[in-house]
Every structure is written in structure tokens, then in C-alpha cells.
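Following are the structures in question.
The following pair of complexes shares a single chain, chain A, combined with chain B in the former and chain C in the latter.
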Partner chain A sequence: MSGKKATYTIDLDHVTRIEGHGSVRVSVRDGRVEELTLAIVEAQRFFESFTRGVVAHEIPWIVGRICGICCVAHQLAACRGVEAALGLEVSGQSRLLRRLLNESQILQSHLLHVYFLAVPDYMGVPSVLPLARSHPDVVRRALRLKHLANEFTRVIGGRALHPMANTLRGWRRLPDPDALADIRHRLAAALPDFDATVEFAAGLRIPQFERETEYVSLRHPEEYALYDGQVYSSDTGELTPVSDYRRITNEFTVPWSTAKWARWHRASYMVGALARVNNNFDRLHPAARRAAESLGLRVPCHNPYMNNLAQVVEIVHCAHNSLAMLDEVLDRGLVREEIGYTPGPGYGVGAVEAPRGLLFHAYRFDDSGRCQEADAVIPTSQNLNNIEQDMRAFAPSMVASMSQDEVRLHLEMLLRAYDPCISCSVHMLEVEFIR
Partner chain B sequence: MKTALLRPRIGFFDMAGCEGCQLAILDCEDIFLDLVDLVEIVEFREAMSETAPRFDIAFVEGSIHRETDGLRLRDIRARCRWLVALGACACHGNVQARANAWSPAENLQRVHGAEAAHRVQTDDRYWPLWAHTRVRPLHELVQVDYFLRGCPVDRDEFLHLVKRLLAGSRPCFPARPVCVDCRRHGYECVFRHGETCLGQITWGGCGAVCIGGGHRCDGCRGLLPQADLDLHRRLLRASGLDRDTIEARYGLFLSAETGKGRARP
Partner chain C sequence: MSGLTVAGIGSRYLADDGVGLYLVGELDRLPAGVRRELWEDADAPTLTLRLLELSGPVLLVDCADMGLAGGEWRCFRADPCGREGRLLPRSRTVSCHGLGVAEAVAMAVALGFDRPVHVFGVQPCTPGPEPLSARGLSPAMRARLPALVTGLRHAVRTLCHAPA
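Take a look at the complex of A and B:
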């Protein structure tokens, strides 16, 4: 069909292999893209409304339920928001355990996304199931690593999903030292599997589409910022305190989306693995920087499809960094700490890097210490606007050079590359052709 | 249900929820390859692009918030032999049912602002997607054959259900409290160290995982049919909780079952 003046509509309804429900609608007339919208069709769940009246220490426990795949990030952002509101201190030990918990979940989430959700597109199959027969080694490795990451979260947080051992200020029940030593041993033993993941990912043929945008992430003076830091924009090179988040996200609503959209210094911005790797390359573990080199990921990278490879870089970072943190925990030992607090009024903002990008939570408590106001700005809702801008930018050259099926595939892959998590942001993609 | 099923066709569907229960099932990594030999997963939007017209077992996660989702659920019901409510949101509305305490317009206003709430009412383009009615568990709309409880579901209960259906027998989830799980694991009762717990009134089968993790039971698996709430209220009051705190505790995960207009399977 290339070269011909095609007229069709692509409706990608309830796009598969993404977390949540979304649809993409593209109409092409005489070979030109007339209209393109990214519709978020997930039902409203109203977390920010029904947290009203909830006492401070229950907030992280409830709002973790916003998302199954990044529950830890929601718990941690909530803890940080509540702690900022009430002026609560967090010990060095709790901070270290939180960073371990967060990195364990980033491992879970990135491994799931790269191997199970994104790779089938690159192998030309509709899901991971056919790969179990054609590439049994890859699937077995993926399952091994995913299982390990789940166990890692379980050891630190008590459960792989919606962990309960952690709460405001610290841990209700500290991780078992023997279990920590065991998971450290297993993580070290899995390093060849992580290397093999890099080698495998280096063989994926990433579509070549570039569009420079604003990259936004946390940045920390010493660490590769995943748990802590200030907000860094690649447009200004400046740091903005987390408490100024409303000035960053500037949320607005559009009729075709039940998620809110965001923009900062220009029409749209990007958060997530690629934004973080672009902004914080110098803070990555050396093994992760080597992985980036093997993957051909040079920063700044402006190809959104490369987000999948940035996730692989972060998988390597989290594996090596977690090993170092586990050594530190085992070295200093864990001591039981006081985690009580006095309820009261206050307002505070917390932010962490969720697997999909920057996540803000803000809370206000009344005099009785009950939640009066809650706000969560989810990474995917910050990305949606940027995804649509990417699609608008790439669609014309796709339409000119690809078949209808290829256009459909590349749009779906683009959406998946962002690893959208639409349950969080409120579900997402449909492509229907009109001839 | 007399005969064993040869490679049943299974579909996973999601309504409004966090999709964590589907992930909890993907978490069967150690036996995943054996499992996909025994069953045929024919539709699972979160993990695959394939779709199918009919299923033996449909697992539905999440609760129903809009008429359009109700229509999707009825369609799934018509295409499957057994419909399983997957997780707390599907079984009883979970934390999401807390939103039923306020009108949809007020919820919209609090999340999106007055201007957006107004637009939903006046701009037709917003209506189909944004029309929120009330958070409803699946059994309020269709017949549900089995309930896999919890937030998230317990993978052993999921495997029990699949194995029983494969063997042509009836899955069995006894109506007993979380306390039974707690005793089995030898956990100390949280009341002993001055905490309070909803384990006595909550469906067990979870292995008392939250008590094992240093927390307490908040009732995510739903209210037992034989639960005596008045007796439990007296127990909590005797443990030092005031009336408001008790109702707030029930209201966290069990608002649909303990509040007004409660609906129980």
C-alpha cells in the first residue's frame, strides 16, 4: 500500500499487553493522518476522593491498591507524603529497606514488561505463550528472574504484591536475616541470567523513530534517584523541589481520556526508565553503564521505543545496586525501631520513581489527623500526552512507508514501550480500518 | 460437573481494579509452564493479544462502575461455563466501594475539579466513558460460580480451583475465619499485644499472611456469612476502640458489606 493514497481508520480498542484499558484512534485520508487520539477508557476509581476520613497510618495501606504492578511505589510515595505532612522522621535503616523494596519491585515490573509484554512484538508472536515452545530457554530465564524478583519483594515486604510489613516510618516486622542472606546469595547467583538478558535485548530490532522531548525524573546528589531526590528537567537543567509538583504537572482533562494529562515547559514531557537513564546516566552502577553500551543506548536518547532497553539497563542497575545494599544491611544488622507517631494536622508531598516514572502523592490532614484531601499524579498520566505527541509525529512517516498492519503494530509497540499503567492513571488501545 | 475437563479454555478479564490479582496468578512462575500445558489460556488482555469466543472458565477481576462495564460482564457470562470472581474488588468491591459513600458527581469534583464534574454532566462527549454509577461486585449483576477472595488473591486457592475443575470435582472454600489460618501457622493472636483484628469475622484461606507479615487482618477477603458483627463490635470496644474507630476499621476494606445497602454473596 505504500505510495498509494490510502484512506482508513485504525481503532486499537482495549490494547493488549498493557496494564489497564486504553484505545488509539487514527484516521488516515488520502495517505495523510487527519486525526489521532489516545483514549483512556478505564473506569474511574476515585482513590483521591474515598481516602477522605482515613487516618494517616492507613493511607499507604489503602492507596497501594491503586495499582498491583507498582503497589510498592504507591505505598512509598504515600508514606513520604504523609511523613512530610506530619513531620515524621525516617531512620537510615528504614530508608535503606525502602530503597531495597522499591528496587525489588522495579525488577519485578521491568522483567514482566520486557519479557512478557514487549518481547512478543519483537518476536512476531501475539503473546509469550508461543515462545514457550519456540524459545524455551528465554521463557525459562524470564520465569526464573521474575520468580527471584517476587521472592526478593517477599523477603523485604512480607508479600510480592501489596506488601504489609512496611508502614509509616519503618517496618512492622523486620526482614529475617537468614532470608536476606539467602536472597543475596540467589541474586548473586542470577547475575549470568541478568547478563543473558542484556545479550538477548541487544538482539531486538528497535524501530528507529526519534523525537526529542522534555525528560523529567528525580535526581539525587549521590544515588541513581529512585527513592529520593528533587525533580530534574532536561529542558532547564534545574532542580525543582517535590513540594512544587503542581507547578510541574499542570494537569488538565480531555474528553477522550478518563486520565488526567500533564505538561510542563513544552507541549508534553516524558517520565520513566528512558527519562531517568537520560537524566541520571552518571549515577548508574558501572555494570548498568556497560549494559547501556552493549545495548547501543547512548544518552541523550530521543527514541521512545528505546524505553524497553532503558528498562534493561535499570534491571542491571537494580540487581547490582541491590546486592550492594543487601551487603550493607547484612553488615550492619537490623534493629527493631520505634515507628509510632502522633496524629495531627498538616499538608505534605511525597515523590518516588515508580517503575514507569515519577509518582507524586500529596495529602492534607485535619486536626483529628484524618485525611481531608488527597492527590496522586501517576507516571502514566504524565506520559499520555507525550505518547500522543509521539504518535502524531511518527504516524505520517509510518503511513507513507508501511502497510496498515505494520502501522497498527508500530503504534501498539510505541504505546507498550512506555509500559503504561492505566489502572493507575485511572484502562487503554483500538485500531479499526475504514476503507 | 461429573467429568474431568481436558485442557479447559480459560479467559482472564478485568473491570475496574488494580490488576494485581492477574499478576498474582502470573506469579506462579515456578509452575507456569506445567500450568499452560494443562489449561489453554485463550484470552488474557493484560498478558496476550489473542482473543476467543467461548471459555470453560472466565476469571473476572475488578468491580463494575459503569453501565458499559456491566454489558461487558454480561457478555462474558454468556460466553463461559464457570464464572469466577477474581479478588476482593470482584467479590465485594474492596476499598473502591468506599466511593459509594458519596455521589458520583461529588467524587468527580474531588478528583477532577468542579469544572470537569460539570462538563461530564453537560458535554455529551464525556458521558459514556465518564459515567460512573456505583461500585458493584460482580454477583450484583450476574451469577458468580466461585469466589477467589483477597487483595490480592491467594495463588494456592487459585490452583486448588483450577485443579478441582480439571478433575471434574467441586472446588471447596470453607467458610471459616482467618483465625483458623493463624492458629495453623502458630502465629500469636494480635489481641495479645494490644492490637485489634478483623480475622474473626473474615473469610480465611489466606494463610493469615498479613499477621505473618507483622500486620493484622483488615478483612480484605470479605465478611463470613456467619459473622456476628455486633459481637465483634463489643470485642473491639472491650479492646479500647471507640465507636467511630470501629466503623472506620470496617469501612476500610468492608464498606460494601458492613455499611448501608450491604450486598453479600
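Take a look at the complex of A and C:
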């Protein structure tokens, strides 16, 4: 069926398989897109307010609760912001453990998103549940890898969810060396599963839509930047200090969204896996670069649907890079370090790459060392504007060539490709009794 | 019914959500052939893997929204063969945070898990999770614990005498 000359309205009210409530409204009249908005209707979270009056070392644990999926990233960004404010040093050992912790979480998050939330779209099923019946080997592999990533986080951070071992300056309780050796062994043993993930993802048919945008991520002189670096823009090729984050994000509001939006050198910008791979391809582990080649991901890539495949590339990177870092930790051994600090005044900004993209945290402390002011700019709020720009760019050609249902599906897939985390929600078991 | 596993599910950091962990932790002098496990903070993929490792029936002890008064409990068989109640997987709205026990059971069943799944569900006394402030059970739920433990012991004994 052709959408030409058609008149209809698509209301994607509460798009599924994303975090939180986002709605897309498209009005088509005589085959032309008259209106398209991405509405965000989540209530405010007020986490920044929770930190007011709080002592410095409690902040990372509080703000980590912003998200159950990105808890490590929020905790690390907060640590870095507080440490910058108070001028605290972090040892090489703690930096290495933090990088491991962050990569373990990126593995968790990307595996969950790719296998459980994105793949069903490409297999023509509504969720992972029917996929378990039709492709049990794929789902069993996903379960194995996700569980391994959970265990990886638990070994490094003390818990798989909301790990508490990391604090300002370093580790309260160091990882057990035997557990480190065991997880290293299990990660190495899982490499065939990671290879199979690439092989499987290479068979997914990605929609062919391209729109060049500004790609923004951290960049580091030596590493594939996930834990630190300066902010790199693909538009300028320049590096900007993290402390200038407000000049980067330029947050603004739109009437149809309760979330703030962002723009930098042009109308919108993109953060996340694709932005990172585009900006830092040369820093990827060689195995990840080979994976990108197998997946047909050539940089610069301007197809936002390819963000799913960029996540697969990062899965491979994190697996191999973590193995190398675990070797370093095991060779070097871990020693208990001084993590005390003196509370005091200061202002600082920290940034890390969360699974979904660049994450900023900023804190100001008064003379007594209590937090006066906090600000967190999450990746999804930076991406929302770009998602809507993508939808506006792609919708006319979708409408011209696809049925209404296909337009609906492709818009949902586009939103999901960004892996947005619009809010965090906790659900209890729902039961229906048969009477 | 031999080989029964009684598994407590939930998080101690989410108020009454952790009631299953408390209850299973209180179980002692279990009938022969019954073992207890605490699947604390386990996400859906982990729960699915745990279920697939079992060779016998399982009783999941968890906080459950069943439309009852706070602290009331129900024990029912919840797999697709269940006649008393069923878990409701969110097949379309499933998300990272929305993958829960129902989805884990559905995934395990889809992957071939064919053992009976029973649920000892406890209606929370708190209106919802309170992740920042509520470590431990609510006072109302704590007051209900003795009765709930008695109910759980009775449920375990009943299942042990039930045909497989």
C-alpha cells in the first residue's frame, strides 16, 4: 500500500520498549506531513534538589538512583564532579577500577537494549517473548551474556545493581582477586558468544535513512573515551573542556516536552554509541573495528538506526578492552588506598560516557562542605531534539513509500534506536485472577 | 512434590518489595527434598537463567500487586497451566525497567521450562517502591511477618504433598 495522497494522524501514545513515557504525533494531509512532534510527558524527578545540604561523599550514591540501568554512569559522573569541586586526586588503581566498572555497565545496558528491546523490531515480533520461542539459541545467548555482565559489575562494584564499593577518590572495599581472575576467565570464555552477537547483528536489515548531524562525545588522547576526556564535536573537530558543559548543551524548553532539549553548533546534536564510534573509531579495540567492518558500519555514519549496531561494536570493544584491563589489575595487584577527604567549598563538573551518551554532573559546595547546587544533564535530554529532527527529515519519505502501519513501526524503531531513557520506573508484579 | 525450590525474590532496598527475601530467610526445618534460595536483586535475565537451572517445581515468594489489602497473601500456580491466577507479562510495553518476574517466567517457559511455577504473593502495605528512604519493610508489613511465615510454611507443606 502506498501512503501517497493519504490523510491520517498517527498517535504513538506511550512508545513501547523505551524507558518512560514518550509520544509521537504525526499529522498527514493529502500525503504531506503537516505536523510531527515528539512529546515527553514525564514528571520532573528533582534529584538535583535531593542533593542540597548533603555532604559530598553521599552524593554519588544518591544520584546513582536516578537510573537502575545507568546507575554506574551517574555515580561516576557525580564522583568526578565532586572531586573536581574539592580538588581530590584519584589514583591510577582507582581510575582503572572505575573504567572497568563503567565498561561492565555498558556491556549490561547495550546487551539488554540490543537483544531484548531492539532486535524484536528486526525479527518482526512485538517483544523478546515470542523471540524466545522462534530463536531460543539467540535468547539463551542473550541471557548468558547479560548475566555475565551483571556478574562483572558485581565483582568490581560489589553489587550488580547500584554498586556501592566505589566512592570519592577510590574503593571502600576492593574487589576480591580470586573473583577478578574468575570473571576474567568467564569473559574470555564468552568471546565466542560475543562473536556470535556480531554475526547475528550483521544479518539485521537496518532501515536506510541518513541525516548528517553533529556528533558529540568525549575524546581521550589514548583511550576509547568512556570514562574521561574532553568534549569533541564532529562539526568543529575541536575539544572543549567538560567544565564548559553549559556552552555545549545550551538547554532550552519546548511546549510539548517536560524534558529540556539541547543544541550546540547547529539545530541539534547526537550523543551515544554512534556518536562515540564516529568520533573515536581510531581508539576502538582492533576486534571492535573488525566488528564494525563485519556490520557494515563505516564512519562517519549518518544513519541513526545504525546506533544499534554501534552498540554491538561497543559490546565487542568493552569485552576485549575489559579483558586487557583485568589482566593489568591482576598483574599489578590491588592495594588499599587512602580515600579520606577534607570537606570544603568549591565548584566542579564531571562527565562520563553513559551507555546512552554523554552525561554531565555539576556541583557547588559551601564552606561547610555541603552541597548548595547541583545540575545533571543526561544523554537522552541531549538526544531528544535530534530524534525529532530525524523524524521530521525521514517522515515525508516514509509517508510517500510506506503504509500507515509501516510508518508507525519505523518511527518507533527510530526512537528505540537511540535507546532513550526518558524516565526510570519500577513496576511490581501484576496478577490477574481467574474467577 | 519432591525437589521443590522456594525462592525469595525482591530488593531489601525497596521497602515491601523485599518481603519475599525476609519470608524465605525465616523458613527453617524445611521438609526433606525442599531447598530455599534468595534471588536478591536478580533482574529478569538472571531469573530466567535460575529457572532454567531447576529440575523441579518452584515456589516464588514475592511482593505482588493483586488488588488485595496490604499484607494479605495468596498462593497459586502461575504457569500457563495455572487455573487460579496468572502472571501478566507486558509483552509490548516491556522495557529495561519493565522486564520483571512475569516476563522472566514467560521467557523461561518459552525456552522450554516446563516445571510447575507457584507464587506466594504478598500485597505490599506501601503504595509503591520508595528507593531512597525505605530500607527494610514497612512497619505494617513487619507486623504481618509472623502470620505470613505461618502461611508460607503451610503453603510449602501443601505443595510437598501435592502430586507433581
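As a working rule, the second predicted complex is superposed on the first by the 420 of 435 C-alpha atoms of A that agree within 3 Å, B and C clash if a C-alpha of one lies under 4 Å from a C-alpha of the other, contacts with A are read in each partner's own complex, and residues count from 1 in each chain.
The rule is simple: a residue touches a chain if its C-beta (ideal position, glycine included) is under 8 Å from a C-beta of that chain, and two chains touch if they have at least 3 such contacts.
Computed from a prediction, not measured in an experiment: that's the story for all the values here.
Trainee: Given the touch rule stated above, what does A:Ala288 touch, chain B (first), chain C (second), both, or neither?
Mentor: Neither partner.
Trainee: In the superposed arrangement, which partner chain does A:Ile10 touch: chain B (first), chain C (second), both, or neither?
Mentor: It touches nothing on chain B or chain C.
Trainee: Between chain B (first) and chain C (second), which does A:His113 come into contact with in this model arrangement: first, second, both, or neither?
Mentor: The second partner, chain C, only.
Trainee: With both complexes overlaid on chain A, does A:Leu226 touch chain B (first), chain C (second), both or neither?
Mentor: Touch status of A:Leu226: no partner.
Trainee: Can A:Val139 be said to touch chain B (first), chain C (second), both, or neither?
Mentor: A:Val139 sits against chain B and chain C alike.
Trainee: Looking at chain A, does chain B or chain C touch a larger number of its residues?
Mentor: B
Trainee: Let me test your reading of the model: by the given contact rule, A:Gly53 touches which partner, first (chain B), second (chain C), both or neither?
Mentor: It touches chain B, and chain C stays clear.
Trainee: So in the superposed three-chain picture, is A:Pro163 touching just chain B, just chain C, both, or none of them (first/second/both/neither)?
Mentor: Once the two structures are laid over each other on A, A:Pro163 reaches chain B alone.
Trainee: Once chain A of both complexes is superposed, is A:Asn150 in touch with chain B (first), chain C (second), both, or neither?
Mentor: A:Asn150 contacts both chain B and chain C.
Trainee: On chain A, what residues does chain B touch that chain C touches as well?
Mentor: Common interface on chain A, chain B vs chain C: 14, 16-19, 50, 62, 65, 68-69, 112, 116-117, 126-129, 132, 139-140, 143-144, 146-147, 150, 159-162, 427.
Trainee: Along chain A, where are the residues that touch chain B in the complex?
Mentor: Touch list, chain A to chain B: 14, 16-21, 39, 41-46, 48-50, 52-55, 58, 61-62, 65-69, 71, 112, 116-117, 120, 126-129, 132, 139-140, 143-144, 146-147, 150, 157-165, 167, 171-173, 253, 255-256, 258, 260, 423, 427.
Trainee: Would you tell me which residues of chain A are touching chain C in their complex?
Mentor: Contacts found on chain A: 14, 16-19, 50, 62, 65, 68-69, 109, 112-113, 116-117, 126-130, 132-133, 136, 139-140, 142-144, 146-147, 150, 159-162, 421, 424-434.
Trainee: Help me check something: in the complex, which residues belonging to chain B touch chain A?
Mentor: 14-24, 26-27, 29-30, 32-33, 36, 41, 44-50, 65-66, 69, 94-96, 98-99, 101-102, 106-108, 110-112, 116, 119, 123, 125-126, 129-130, 132, 151-152, 209-210, 212-215, 218, 248, 252
Trainee: Across the complex, what residues on chain C touch chain A?
Mentor: 11, 13-14, 17, 41, 43, 45-46, 48-49, 62-66, 74, 76, 78, 83-103, 106-107, 110-112, 119, 121, 124, 128-129, 131-132
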